[in-house]
Every structure is written in C-alpha cells, then in structure tokens.
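Take a look at the structures listed below.
Paired with chain B in one complex and with chain C in the other, chain A is shared by the two complexes that follow.
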Partner chain A sequence: MKKLLQILFVLSIVFPVVFLLLLSLGRRWAYPNILPAEINFENWEFLQKSDSKLFQAFFISLGISLCVSILVTVIGFFVSKTIAFNKFRNVYLILAYVPYLLSPVIMAVIFQYYFIITGLTGTFLGVIIAQFLIAFPFGIIIYLNFWNTKLKSIEELSLTLGGSRWQTFKYVLLPLSKNAIALCFFQVFLISWFEYGLTNLIGTGKIRTLTVSVFNFVIEANIYYAALACCLLVLPPMILLYINKSLMFFVEKSKTLS
Partner chain B sequence: MSTILEIKNLGKKFGKEPILRDINLALKKQEVLSLLGSSGSGKTTLLKIIAGLDTQNEGHIFLNGKNIDNEKPQKRNIVYLYQEALLFPHLNAFENIAFGLRLKKETISAIREKVNKMLENLDMSKHAKKMPNQLSGGQRQRISFGRAMVIKPELLLLDEPFGALDAITRTKMQELFKQMAELMQLSALFVTHDLKEAIVMGSQIGKIQKGKLVQYKSKRHFFEDEFSGVKQEMDFWAQIHSNDR
Partner chain C sequence: MKKISLIFFSAVVALPVCSGLVYASLYSLGIVGVLNSGVTLENWSIVIFGSPFWASIAFSLYVGIISISLSLLFALFIALSWRKALKNGMLSTVIYLPLCFPATVMAFFGFQMLSKSGFLSRLGFSAGIIDNLNSFPALVNDAYGIGIITTSVILVTPFFVILFTNLYQTEKISEYKELAITLGASKLELLHKVTLPILLKKSYATICLFVIFVMGSYEIPLLLGRQSPQMISVATLQKIQRFNLYDIPQGFAMAVLYVLIVVGFLLVLYLKNRNFFQAETHYK
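Let's turn to the complex of A and B:
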C-alpha cells in the first residue's frame, strides 16, 4: 500500500510533464487513439519561425520574472527585518496577506487606473511594477519567518565584537540568510513566471509573456502549440528547482562533513 | 587601581514604566563585579545599555573616564555575552574565535597565533575544526569566551553565561572563567541570579532589584546585609544540618 501510494505520487508529478512533452511532439492525435499518429519535431520548428514570437515571449517572461524576483528578494530582505522587530509586526503581517485575500487580478483592476494615468499600461516597466506590488508582500511573509530574536542577538554580538553594520551584514547576516534568500527568490520567480491575469490586464496584450501566449494558444484551440509553449514555461522553474535543491543539498552536506 | 567603568544616575523607561532608576556604579580595572538580580529586575537592560545595544533615558556612562553615551557598540570595545553561547553557526570553532581579529584586519599569522593560544588556554585545541553543532554546551561556551577575550576588550559583560549549563559543567566553567579573567587581566560585570555564583565569581557584589542597584563596599558588607539573601541561605543550610543530627 505504501509502495503504491509512492508510485501514485511520482506518477502524479511525472505524467503531466511527459504528457505535455508528447503533446508538443505529436501531430494528428485524434480520439480514441492512445498515441498521436505522428511524433516529430515539426511543432518545435515553429519556435524558429519569425512570426511565432515564442522565443521573444520566453525572454520577455524571463526578464520580467528576474527583475521582479531580484527586486523583491533584495528590498524584502531589509524591509522585512525592520518589520520583524517592530512592535506592530503582526499588523504588517496581516496587511501583507491582503493582496492574496483580494486576489492579484482584483488588485490589478485597482491599480489599472493609476497605471493608465501614469502611462505605464502596456509597458515592460508597468508589468514589472504591477507584479512587484503583488509579490513584495509575499516576500515579506517568507522573510518574516526567518528573522528571530536569536538572529538579532547574533547580529548584536557581532557589533560588540567590533563589526561595523556592513561587516555584520557581509560576514554574519548574509551567510546565515542564504537559504531564506534562495527560497524568497525561487518563490517570487514562480509567482511572477506563472502570473497571467494581472500581466494581461496591465500589459494590455502588448506585453506577451509566455503564460499569456499559452492562454492565447488554448483560446485558439491549438493544443500542440499550447503544449510547446507549456514545455518552455516549465523549463526555467525546473532548472531553478534543480539549482535550489543542489544548493540546499550542498549546504547540508558541507555541514555534515565539516 | 583606577576605575574602568562608572555609571552616574542612569535611568531607563519602557513607555511610562521605569525599568532602571538612578543607577550608580563603579568598577575598578581587572575586577569582576557580580550583579545579582531576579528575572525582570532590569539587569539585562543595564548590560545592553552599557554595551550600546540600548539607550538610557537619563544618566551617563564613562569608560576609562570618557563619556561613551553616544558611542556606537562597535566602537566601545565592550563585549556582551549572552546566556546562550551564540556561536556563528556557519563558522567552525577556530573561525568563531578568529572572528573579531579578522574584523580588525589583523595579519593571518597573528590571527593563527592568537587563536591557537586561546584554544590552548581553553583546552579546546583538538576541537578547533568542529562546527558549533558538533560541540557540547560547555564547549560552545568556552569558544564563546575565547571569541570575546581574544580581542582583549576593555570590559566584558556576562549575562548569566552559565545559566543553561548543568551543575558540573557550570562549576568547571566558573573555575575556567576565574583563571582566564586573571590571566587576561579582565574587567567584567557578571550578571547572575544565583547567590553562590555571585559570591564565587565576583571580587565585588551588587544587587539590582526593581530597577534600583545597590553596590556593596565589600563582600563582608554584602554578607551582613539582611536583604542580601545570604543570611536566609545560611539559616536554611543550618536548619538542614540540625535536622540531620
């Protein structure tokens, strides 16, 4: 029974990915055939066509997600520290959940007016700012679990040992917060990467991210190209997951060895 | 012997509630002042203010005759040690001790020499490469002492440093601290809520209660004070002794 549950768990993760890959390689897959009539790279050749704009969408998505996750990771680190040791910590924490209670799309509707009058709708910068406003509170929530009184005491100890603020940050806080920083970057990247509603609304169709492209293919009922776009869509998160896992594994391993 | 630390009329409030009131204290060089106090008496707040990690609402602090009220903690050369050893978890025992020396940008050979000497004095040489999670509570506390003493601070502030240790390790650590304090010619404020420990560790004794501090002229004055708790302790053991007969 235990073994069966494990197999089911692995299948639930692996099957959609394999299915997606098969769908992106398939052609003429009519019901009730179990496999497509043709399996080749013809759909993938679509990527090279100048009118496909899939590669362009891929790099726009990557650019937006990297900007948002770097901004949130860096700014969130310092802001969360201030909030964590503030007497109104819990009030700020409740406020940080508000964008998720309202949902990002509703937040986008609220932002839209201000984005229109500032001329930010339909721009790369506008989408970055909008996604930042949604992801930033999430970054704060992640970091708030990391800051605690013990860490504060370690920081104070470094100061009394003669460390300046910069030295304390560089030699104490940064090495101790590696995992929290990696976690925040990874999570925010995922939020930004898969964001659709807000990006579509603020981007007004002019900023075609990969997620927006997938939905367009789905609307067009082009499941093969949608699957192809999905393959591109899951690639960066998988690479990030691998890097994240290797990093955590490396940290654990070095702790055990030394 | 000249005075290293002098506190004049120091007061601290949290909101409207006074935590420390009119604190006056003087500590001579190379002496250890034991500060007795129960939980919530304000002793940790007092140490943090001296270290520069908190600020007073009134009064002044002088170190070697110099007013240090506005001096940043990293400029005071006063090390504050917590009840917990608080070793840097990403550094091994050697690097933990070397931390302050590296901040001061001392040469690699000087660092190696000083840290190895300190490890030897602490009887921790064979544990130099171990990470904090591989050390026992007592060993961690030794490294913590070493890390503070190797930079030769003007003043060491110890906030119940042996509070989390078992009785045997605690006694060993008390002996070690006394040896090291003599060897390194340390001046220290040693906070504890343990009467016996205060007597053993301090060359002078003070008592802090409800934010007010009393510094006794000598240990004899402390023993004779009916509110010091010594008489009650002696009566307790005399009672036990007489019951055993």
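Let's turn to the complex of A and C:
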C-alpha cells in the first residue's frame, strides 16, 4: 500500500511535465477528447526559425536572467561580507527581508514612476534593473547564511601569514565560497527566470520574456503555444536539477552552505 | 570599501522602497499626479473605510493560511511516512522536480486541469460521471479560491517536504525519539510530543514567511481567480492599470497600506523569533 502510494505520488509529480509536453505537441483539442486530435512536432518547429517570437523570448529571458544573476552573485558577495560583520547586521537583514517578502508586482507598482521618468520602462535595461532590485536582497540573505566567524578567522590567518588581500580572496575565500556562490547564482537565476508581474509592468509588454509569452498566448487562446512556452520555462531548472539538486533549494538557516 | 558596500546596499534595498512609498503616498494624497487637484484624504478614506481593500486582504489571508495549512499536512505526512524513500530512493530526486515549475506554469497547468473544459472534466465525461461540460463544478475563477489554493498547495508542498526531511536529520530527531522510547513514550506521544513540536518550532518563521508569500502571489490568482473577491496583488494592479484614471490614487493607497502591513508583520515576526534573524557572525 505504501509503495503504491509512493508510485502514485511520483506519477503525480511527473504528470504536469508529460501533460504540458503533450499539449505543446498537440492541435485541435476539442471537448470532450482526452487527447488532442493531432500530435506532431509542428509547434516545435520554431526552434529552426530565428525570427520566431518564442525563439526570441527564450533568449531574452536567458539574457535577462544571466545578467541579473551574475550581477547579484558578484556584487552580493562583497556587500554581504561587509554586512555580515557589521554591528547593525540585523537591521540590514530586516531591510533585506522587506523587498524579499513583498510581492514583486507590488514593488513594481511603487517604483514604476521612477522607471517612467528615467525612460527605463519598456527597455531590456529597465527590466534588468527592476529584477536586480528584488533579487539583490535575496542574494544578500543567501550569503548571510554563509558568512561566519570561522571563515573570518581563516581569512585573517591568511593575512597574518603574509598573504595579500587578492591572494587571500583568490586562494582562501573563493574556494571556500564555491557552494554559496553557486547557490546564490542559481537561486537568483530561477527568481529572474520565473518572474512575470514585475517584468510585465516595467517591460510594459514590450520585453517579451517566456513568462510574459505564456500569458500572451493564454490571452490569445493559443494553449498549444502557451504549453510550449511552459516547457521551455521548465527546461533550464530541470537541467539544473540534473546537475545538482541541492542548488534548487534554499531556506534561511539551512546548513547547505557551510 | 566597507562604506561603499553599505551605501550600495542602502541605495539598492532601502531607497527604492522608501522613494516608491513616498511617491505612492504623495499620489494617493493628491499632491502629485496629473488628475489630482489638491491635497485630499478621500482616497485613503475610501480604501480604509471601504470594503474592497479589506476583502482582498481577508481573501489573500484566507488563501495563504488554507494553502499553507494543507501543504503542511501533506508535507508532514510525506516527510515522516516516507523517510527512507526520501533519503535514498527515486523520490529523493523526484521531490525536487516541482521546484522547477514557476508559478506561471503551475497557473497554466492548474487552469488546463481544473477548468470546465479541462482535463479532469474530460476524464469525468469519459467515465460517465458528468454528462456535459457545465455539470463539472467550478474549480477555477470560483468564489472560494479552490483553484488558487489547489495550485498553491501543489507548488508549496514539495518545498516543505524537503525542509522537513532536512530538519529531521539536522535536528537529530531520531535520537530524541530513541530517548523518548526508552522513557516509555508511545508512537502517538512520539509524534505529538517529540517530532511535530521540533519540526514546527524550527520551521515556524519559514511557515509564516510562506503565508505572506502566498498572500502576495500574483500569477496564480491572475489566471485562476475571479473579479471579486480578488487577491491583494491582482486588486492593486488592476486599480493602477484601469481605464478610469481616478482609481489610480486608490491603487497607490492600497499598495502603501499593504507594504505597511507586511513590514508590520515582519517586525512582529522579528520580535517574536529573534533566533531566526540572530547573527551567527558576531565578530569583534
């Protein structure tokens, strides 16, 4: 009975992927048919056309997510180190939690005006900056779980033994921080990759990422293309899961970083 | 370098929220904005004393609490009953798969499954349970938020399963259980006096944060919710983006009030769970 329940549970987890894949391959899914009348690769042929909207949306999403995650990972590393050993650490941490807790779309509502007057709405750069503003505090929270007194002592030991700041960073801190950096990069990538409300508001619909495309296709009642965009959205996280499942999961106070 | 880091942090984290709040407050008070003609408290009184804002907050809270409660029930059952499979078996990897699904994808999937012309309705028709499309119950765009709650539960449960599985190991619950068994505890006592208190106490702050996350969710209620009652993110954005420009100040007032509620909640959470935010990096 227990085994059967587990098998059913596994099937229920895998089912959404199979369902969306099938729908992305389908055409003419009239009620009450359980499966679409036509199943072929016609919808997927966009992969060969560089002018296809989905093809462009995939690379726009990828570009935005890579820019945001690289910026947050690099800048967050140094800023979080300063905050971690600052006497007002908890104040900064609480401040970091505010944008992290607020719905990104509410954040976008309150700072959209500044994007309008600076001409950043509807631009690639504007979406990157807006996403950076919500992802950066999250990056800080991830890194703050990582910095500890032991690490600080190792860093100081290296400096005491004659290592320069650069050598200490390159040969001591960086190797020890590999896991935290990877976790921050991939978690921020996922936040950016999954983001819809803020991207749509700041991008004013002109920056068509994959998530924006899903909603556009739903509005156009093109469920097959929406399913196809969903498959593309799920693809990079699944590759990440295949590489290292621990990079998919982050919770405050977790022990995965140390 | 240290000063630059702290200034950068303040500029990126605190400044956008504060300046955004200032602009939204000024707009809602009629001080700025094209159609505003002078200082007024009318928009705030409509939001505070009217029912739509509080109905949205209440509905969001209801969805958040029900979704997280159900997720916790399922997650505790799975994490505690299938511990071995989650540690070593195929389940140990498969359980991470739902973390690959963005809310947008889950909202679309939920709609295709639960709507009147969705997959479940088609299965019901084929099995002879329903005789036409309209006989299928309204599970999306419904008054009770069944579609939103179901989709949120599917999205959140795996996270809690992984969290509880990890906590079970890091908190050495099996050792406490062995001790309790030695002292004569029954299976039921082990569950509600050892395992559950440790797991729930350790994850209390995370659970609270998740209620707030679900309350503020946007994509799922946008696709699976209905016009009334609306969840707070959808309601606020609709006020701002409506064709009636006179609704915009109310939208900003709603946004400001929601931010204040969340910040207030965060402060209460901080004061009650200082350990959760406690520095592990005290350094002199």
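Note that in this section the second predicted complex is superposed on the first by the 228 of 258 C-alpha atoms of A that agree within 3 Å, B and C clash if a C-alpha of one lies under 4 Å from a C-alpha of the other, contacts with A are read in each partner's own complex, and residues count from 1 in each chain.
Methods note: a contact is a pair of C-beta atoms (placed from the backbone, for glycine too) under 8 Å apart; a residue touches a chain by one contact, two chains touch by 3 or more.
A quick note: this is a predicted structure, and the numbers were derived from the prediction, not measured.
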Scan A:S164 for contacts with chain B and chain C and give back first, second, both or neither. first
Which superposed partner A:P137 touches (first chain B, second chain C, both, neither): second
More residues of chain A are touched by which partner: chain B or chain C? C
Going by the contact rule set out at the top, does A:P36 touch chain B (first), chain C (second), both, or neither? neither
Once chain A of both complexes is superposed, is A:L233 in touch with chain B (first), chain C (second), both, or neither? second
Between chain B and chain C, whom does A:G63 touch in the aligned arrangement: first, second, both, or neither? neither
Based on the superposed arrangement, let me know which partner A:V172 touches: chain B (first), chain C (second), both, or neither? first
Overlap of chain C and chain B interfaces on chain A (superposed complexes): 255
In their shared complex, at which residues does chain C touch chain A? 1-2, 5-6, 8-10, 12-14, 16-17, 19-21, 23-24, 27, 78, 81-82, 85, 89-91, 93-106, 108-109, 111-113, 117, 119, 121-123, 125-126, 133, 158-159, 162-163, 166, 170, 205-206, 209, 212-213, 216-219, 222-223, 232-233, 236-237, 240, 251-252, 255-256, 258-259, 262-263, 266-267, 270, 276-283
In the complex with chain A, residue positions of chain B that touch it: 51-53, 72-74, 76-82, 84, 86, 88-90, 92, 99-100, 102-104, 129, 131, 133, 147-148, 151
Report the residues of chain A in contact with chain C in the complex, numbered from low to high. 2, 6, 9-10, 13-14, 16-17, 19-20, 23, 31-34, 75, 78-79, 81-86, 89-90, 92-99, 101-107, 109-111, 113-114, 132-133, 136-137, 140, 144-145, 147-149, 152, 193-194, 196-197, 201, 211, 214-215, 218, 223, 226-227, 230, 233-234, 237-238, 240-241, 245, 248-249, 251-255
Chain B contact footprint on chain A (complex, rising order): 150, 153-154, 156-164, 167, 171-172, 175-176, 255, 258
